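Structure in structure tokens, see below.
Chain lettering (A, B, C and D) follows the sequence in which the chains are written, and residue indices restart at 1 in each chain.
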């Protein structure tokens, strides 16, 4: 018997609204479809109406986890448009925050993977240790999530020696803990049984479907913008691109944990060779008409911004492609012929950060399976009517 | 292969088709082709130079025309294939048969600019809601969003 | 692969102090430069409106109360504020008229109570001995 | 007098009132241990050490709106939580905690009560399946089929492993089995393997990690309970809590030598032994990740069932050796 199960727009496995339609046969998924549009905020249109400075904070709010990657991608593009050269120290701090963000994002993901697999203890421990890096980011920037440390022409805050020592100390602890989690993740039988061989994405399909980030790297394709298109400080740093060739969720876990180790290495390198000098230069308010493509390796993969200026203090066009969108076609491929039980794991394995969409609700009539779409306004009206017609709560009978 | 060598080769291979080749920065090559030559140009880039990775497709409303940029990348460099189509006849051929990963970007382009991608395998709307009124294309410059007046009990100030 | 790989770690933590904090009763300290809520020092504000112009969330509103007496009213809508502190960066005065404190528990049932407003006369900065370089163009009020 | 005594037995101890409070205490204990194993606090503020938290949750659920899906079989949907609660409470009465006489079988302690308890413990699974099926929700339906699929996995190892100590004690009566092991405590040791198998199987019966597959929230939302709300959900949760007490009580009675010493001392040993079993269950819950339904069946039939048979073999050989 074939039937469709709707995962989303509201579902405990999804932290943000997206709709996955699964056609299943028993416990096996035969077909998958992704519907977006539940969360569309019109960022690109909005950006055309704000000035260059305001847009930093707008792009920051594209994503709550990789907030720094969007601003960095935007800011390094705008700096090219304005022909600014940020001071070395500013750049080092900017990419230091970028790597710390990668650590926090990957640890967050590792915990979520544990949670999706029902391994809540693992999730609790990983997130407890993730607090170390969150606290470091808070000390550097003054905030835990939206660091707002980027400014056009550099960064907004400097770090001193005491903070440097604290970061090094935190990284040393995290290194130890990450090693433990790598050991644990590879040794706990029930966890490995859930991850190994799940969500296969062969190398040629990963390339054809233009997947990005750890998803592709776990299929043995070594693409990493930091290596391929080394921006700012990355050609001065010594790091490896972590890959795995198992093409499954376990491979994605391994790639991410290995990347965390590379990030620790890079953070130490950056802190040890932190140049002196100012952290920012003053930026003009306007940019000459030009266009620029800015690429950044976000924790989830390649982030690309296309920015076009028209000589005013506002961009003519800002095109944002967040890495998750690039991974959706590959996700559909991975879900096919998997188990229902693996949906959250496979979907979580691309580390989804759903930042494109809107409001509509699908009602499925349980008796005849008819689907109807209700708009938000209509739902609201229904809710209000239901509320008005409902008996007064004060008269409700207390159950005992 | 350095950028200059690549540009040289592209110029030779796309002799009649490359309308303009710009090289503003390291690893950034902007190539302009006519809309008819788009598919063959992308196919050539994929097959001859290994540009298998499509980063995204950007659309820009330039008043009378739409400009579409296909951001292609290899591990060495990036090529941004640009084409311009008139607003009066906004049709462009789908590149999904060549690069399957392009499907979502093409659907997004259809939604946001109201151009039609010919022979796209899956033309359903992607990012706009189901009840979205037809003929509204948010990223066109003539589409203005009127922000509904914010109702805060007691007013804004 | 080994059975019960997690066991030693779990049992080790059984009698350890919890890592979580009993939040509403005990609080963690925020770091020194934490970005809390913005506030204005009205005696220093020269009404250049740089903060109003650069605020990404349109949370700052400056209205003229009396043109002749040069009195103004600034409202910070904390219900819109995204706590980015761009207003502090944009503020050209030295010391800054806009600043951030470390308050973060500002939630309320009524968004009106989140507003803060100041009615004040415009400050006049005395010309400094060395002419300021950067802030000068910023200080010019926007038409 | 006998009537009063029976009434006391049914309602106060070890009947409904005791069960209610003890099962909420066990839930608190389980939650607290689970939280402490994860370096968290667990329930803290409701009552001393958060002891009243499960009761507060129960009361809160009772006060919540009760929604019955339009397409559901309303009668069945409503009656199932009550029937389920009744079944597990009945099973609890059969535990040899108080008021049993070894020589004279009575209403609550008779030859074969171990089988009756096991069957009464199987029924909640069917109740859950019916509840899932009658709510017509897609996620519930999947949850329901998973409940039944899992039943075929853990039931056989559980029965085999629980019955082997009974065979050694040569009795089908819980009180007598317990008395046998109280007399010869060393004979508890040969049943250790069976005890471990039974703990794993009970974990599966109670649908706790790694076997929380029927209501795996990240996969199928609430699974069996997706459509349940308010009072009905409260009753179901209470049912699961009491099932936890009964199953751990059963394991304690069969494997750990029962609860000797009359009302007071018996209660103390009951508490200690059940809490020990619940601690093991909590540890197992903290230690593992949820496995897939096919992996449950593989685990049960490839490892648990053969090991249970091995345990049976050991017991039979031992019995021959002893006699």
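Keep in mind that, in the parts below, a residue touches a chain if its C-beta (ideal position, glycine included) is under 8 Å from a C-beta of that chain, and two chains touch if they have at least 3 such contacts.
Because the structure is predicted, anything quoted here is derived from the model rather than measured.
**Q** Determine, using the mean of C-alpha atoms as each chain's centre, which chain is farthest from chain A.
**A** That would be chain D.
**Q** Once you count every C-beta pair in contact for both, which comes out on top, A-D or C-D?
**A** A-D
**Q** If you average the CA atoms of chain B and of chain C, how many Å lie between those two points?
**A** The answer is 40 Å.
**Q** Need the CA-centroid distance for the pair chain B / chain D, whole Å please.
**A** 61
**Q** What is the distance in Å between the mean C-alpha positions of chain C and chain D?
**A** The mean C-alpha positions of chain C and chain D differ by 55 Å.
**Q** Could you list which residues of chain B touch at least two other chains?
**A** Nothing qualifies.
**Q** Where does chain C touch two or more other chains at once, residue-wise?
**A** Residues 6, 10, 19 of chain C touch two or more partner chains.
**Q** Residues touching two or more other chains, restricted to chain A: which are they?
**A** 121-122, 125, 128, 188
**Q** Would you pull the chain B residues touching chain A in the complex into a rising list?
**A** Listed in rising order, the residues are 24-25, 27-28, 30, 52-56, 58-61, 69, 71, 73-78, 80, 99-105, 108, 112, 125-131, 138-139, 143, 145.
**Q** Applying the document's contact rule, which stretches of chain A touch chain C when the two form their complex?
**A** 50-51, 53-58, 60-61, 121-122, 125, 128, 131, 135, 138-139, 142-143, 146, 148, 151, 156-157, 180, 183-184, 186-189, 192, 282
**Q** For chain A, which residues count as touching chain D in their complex?
**A** Where chain A meets chain D, its residues are 3, 5-6, 11-13, 27, 114-122, 124-125, 128, 188, 190-191, 193-194, 339-344, 366-367, 398-400.
**Q** Which residues of chain A touch chain B in the complex?
**A** Going by the criterion above, the answer is residues 36-37, 40, 42, 44-45, 80, 207-211, 222-223, 227-229, 290-293, 295, 302, 304, 306, 308, 316-317, 319, 321, 325-326, 328-330, 356-360, 373, 375.
**Q** Provide the residue numbers of chain D that touch chain A in the complex, in ascending order.
**A** Per the touch definition, chain D meets chain A at residues 37-40, 62-63, 69-71, 136-139, 142, 209-210, 212-213, 216-221, 231, 286-295.
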